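Labels run A, B and C following the written order; every chain starts at residue 1.
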């Protein structure tokens, strides 16, 4: 009995952990969709580039810091990992900027099909850029995962659960809090929301929508890269790794409601946890379960759980 | 007869329609004008009647049948047509194609997958008839988005009229039209409507037009009915004059 | 027999409801002849392969279906591989588990399965429009891909063969043939199906139904207020377009005698199908078909030349989006980019230098713009 309880707990934690990663991807996608009215099909590739680049940055930074020893060493190591993730994500800022300013801006007033085709083209290009830079085989970094796992956390409460996953959950909470703070409390965040609610009004009060658009796109790319770097240590970076998170992010957006940050949060955790439960309860349902929830939402509440973003974050 | 019974509609704090009960078309071909200051809830009222919005409370009754739950397209089939304040036509079609699409729909022919769209003689006759009634013959082959504004307004009304409605609800058919063209637009509408015995309910800001053409005037203010009466009401009701013109305080 | 009609001082020919000018009629006749001649033409050169062109025609046919939605209702489906794959897998399943051998019955099965699938996906996806619709179709398409990948009964990532009966081959007219002959005969079958399919699509695009779809695509609110039950119409169009995908997928399975999830259901295939429509010209009837042949041919060549052919495809797409948004057929038509530029060039050959200069200036301006945006994001406003 205690065994099943523990399994249930572990699966739930796994789901929450995956949910946070998913939120980081979906939040950027949904905000871009809500404000720019752009569906960025290349978003999964940005996530994947974050994973590949993260491996390189981890290797470099950890080479400088060395393996953790003692309490102080542990703290330094965790900080080093965080810095690496942030550095990786920062690498994607210029990518996002170029995407928006160079490619997308020219076609906002054209038929929507063209921007879909454009982001699809960028997806194809990025696929092969990755292949060119990092090769055709999968890459992994075990150092980060095993080193962080050697720091005891869940063992303290008698549970055998990888510390790295706890780390992801904690960082995830910080990202969620940071995003809500950004959109609720900062001036820039409010300007972005104002633009989401009424583009013309925002222009009238002197907001440069061009700049807001670039900022939002770059922020989305940053978050995707962040997610990629956070997600890669327990697994490996592969060329096709961008597709599933992209499609699951779609599911999250539909569940949460177009452009809703809060919806993306609830949707991501829901998808993460239910997927994870299915692995023990009914393995073939793992793939279908998120889509089943999505179909249900479409039938019962087509506008999603939280409707449209803007008025409330 | 088209009746609104105790309609309520609010958007958050704002009460746009406040217990409105009205009747239209006791006599066929009645010309009713709805007047009122900006924000009086005129467009909301038409949106409720035509199924663009659904009321929070109250009901809409057509010839004794409750149609409150009917969808917009079903109401069109039931004989209620409308136009829009901001012209909504099929921009990439020519004037003729716009009207043809309307008449094909009205005749229930749009499920035909293998007949020729332009091969229905009865439809083409009606389209020609509409073109000449609304004096759009010369523009027949012009693409809608290239039409001058007055003609766009006329096309919008002609399309609603092409649905062969019993009730035609027009949301400011003369807005944005030059003073010279205004007369022309409204005259055409009135003429065609009278001839076919269509009950017309029109939102209008130009009081000269209302005075000249109205059989009956409905004045709305802050979502509620301020008064219903003959066009002379505009002269006699001082409070209404003040509301409409913003004179005095 | 064709009938002559004079409209607006132009001589047009009308046959079975298809109306064309003399030029169009000649082009049509040449096109049909070319389609039938391809198996002989491909024998002349090693670089041309019948199977590649055949596959291009099949995907292009799916794109013709997708184009009904794209061109008239302005809905962009990013999940059309779902119906192509459903048709292909239905064929494989019927051949393996129901023991069906006849090509005709297998294709009917493909059509039935694609119809049901399109009806379901359409009913759910069409609750939204625009990008949301694109997102939903992509998601449902990927769901089918994941299911095919996960089911051992469907062969997982290895896929399934279509080799029913003792002869290991579907039966054409109740007979089996040598593989080479089978390939050519199924090609002619494809050509016949495509001609019939194009004819049907042409008639649909001349019908009142098309007016309804155009109305919905151009001004959805107004469409409701002329009495069109909008959702029912787009749903019908969605199902029709899905059936085209299903027929193409079924034929693909019969021809290749093998289906894999990667080649039929993966979302990149959906992207390809959409791309074909744009490449060929989505404002035309035959554009998507031509786009299909050209794209599959390019990808085949690309695969021989480089392992980075996705990159090449992406670059071609970019050129298309910015340079030739009306696609091959759209640009070649009179008034299109190509003919306008050619005319300009004949008049003033130095125009090339102007184009190059203006392209260079645009690129430079864009680069400066994005750099300054990046600076602002990183360091704030001045």
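The rule is simple: contacts are C-beta pairs under 8 Å (C-beta built on N, C-alpha and C of every residue); 3 or more make two chains touch, one makes a residue touch a chain.
Everything quoted here is computed from the prediction, not taken from an experiment.
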Quiz item: Steps needed, at minimum, to get from chain A to chain C via touching chains?
Solution: 1
Exercise. State the chain with the largest centre-to-centre distance from chain C, centres being mean CA positions.
Key: B
Quiz prompt | Chain nearest the global centroid, as defined over all protein CA atoms shown | solution = C
Quiz item: Where the CA atoms of chain A average out and where those of chain C average out, how many Å apart are those spots?
Solution: 33
Quiz item: At what distance in angstrom does the C-alpha mean of chain C lie from that of chain B?
Solution: 42
Exercise. Using mean C-alpha positions as chain centres, tell me how far chain A is from chain B in Å, no decimals.
Key: 50
Quiz item: Which residues of chain A are in contact with two or more other chains?
Solution: none
Practice problem: Name, in rising order, each residue of chain C that touches chain A in their complex. | Solution: 70, 74, 76, 78, 124, 127-128, 130-132, 134-136, 138-140, 142-143, 146-147, 150, 267-268, 271, 274-275, 278, 282, 307-311, 313-315, 317-318, 320-322, 325, 366-367, 369-370, 373-374, 376-378
Practice problem: Enumerate the contact residues on chain B facing chain C in the complex. | Solution: 50, 52, 71-74, 76-77, 81-82, 84, 88-93, 97, 100-102, 104-106, 109-117, 120, 159-160, 163
Practice problem: Under the touch definition given earlier, write down the residues of chain A that touch chain C in their complex. | Solution: 33, 37-39, 41, 93-94, 97-98, 100-103, 105-107, 110-114, 116-118, 120-125, 127-129, 131-132, 136, 210-211, 214-215, 218, 243, 247, 250-251, 253-254, 258, 284, 287-288, 291, 294-295, 298-299, 302
Quiz prompt | Touching residues (chain side chain C, partner chain B) in the complex | solution = 17, 203-204, 206-212, 214-215, 218-219, 221-222, 224-230, 233
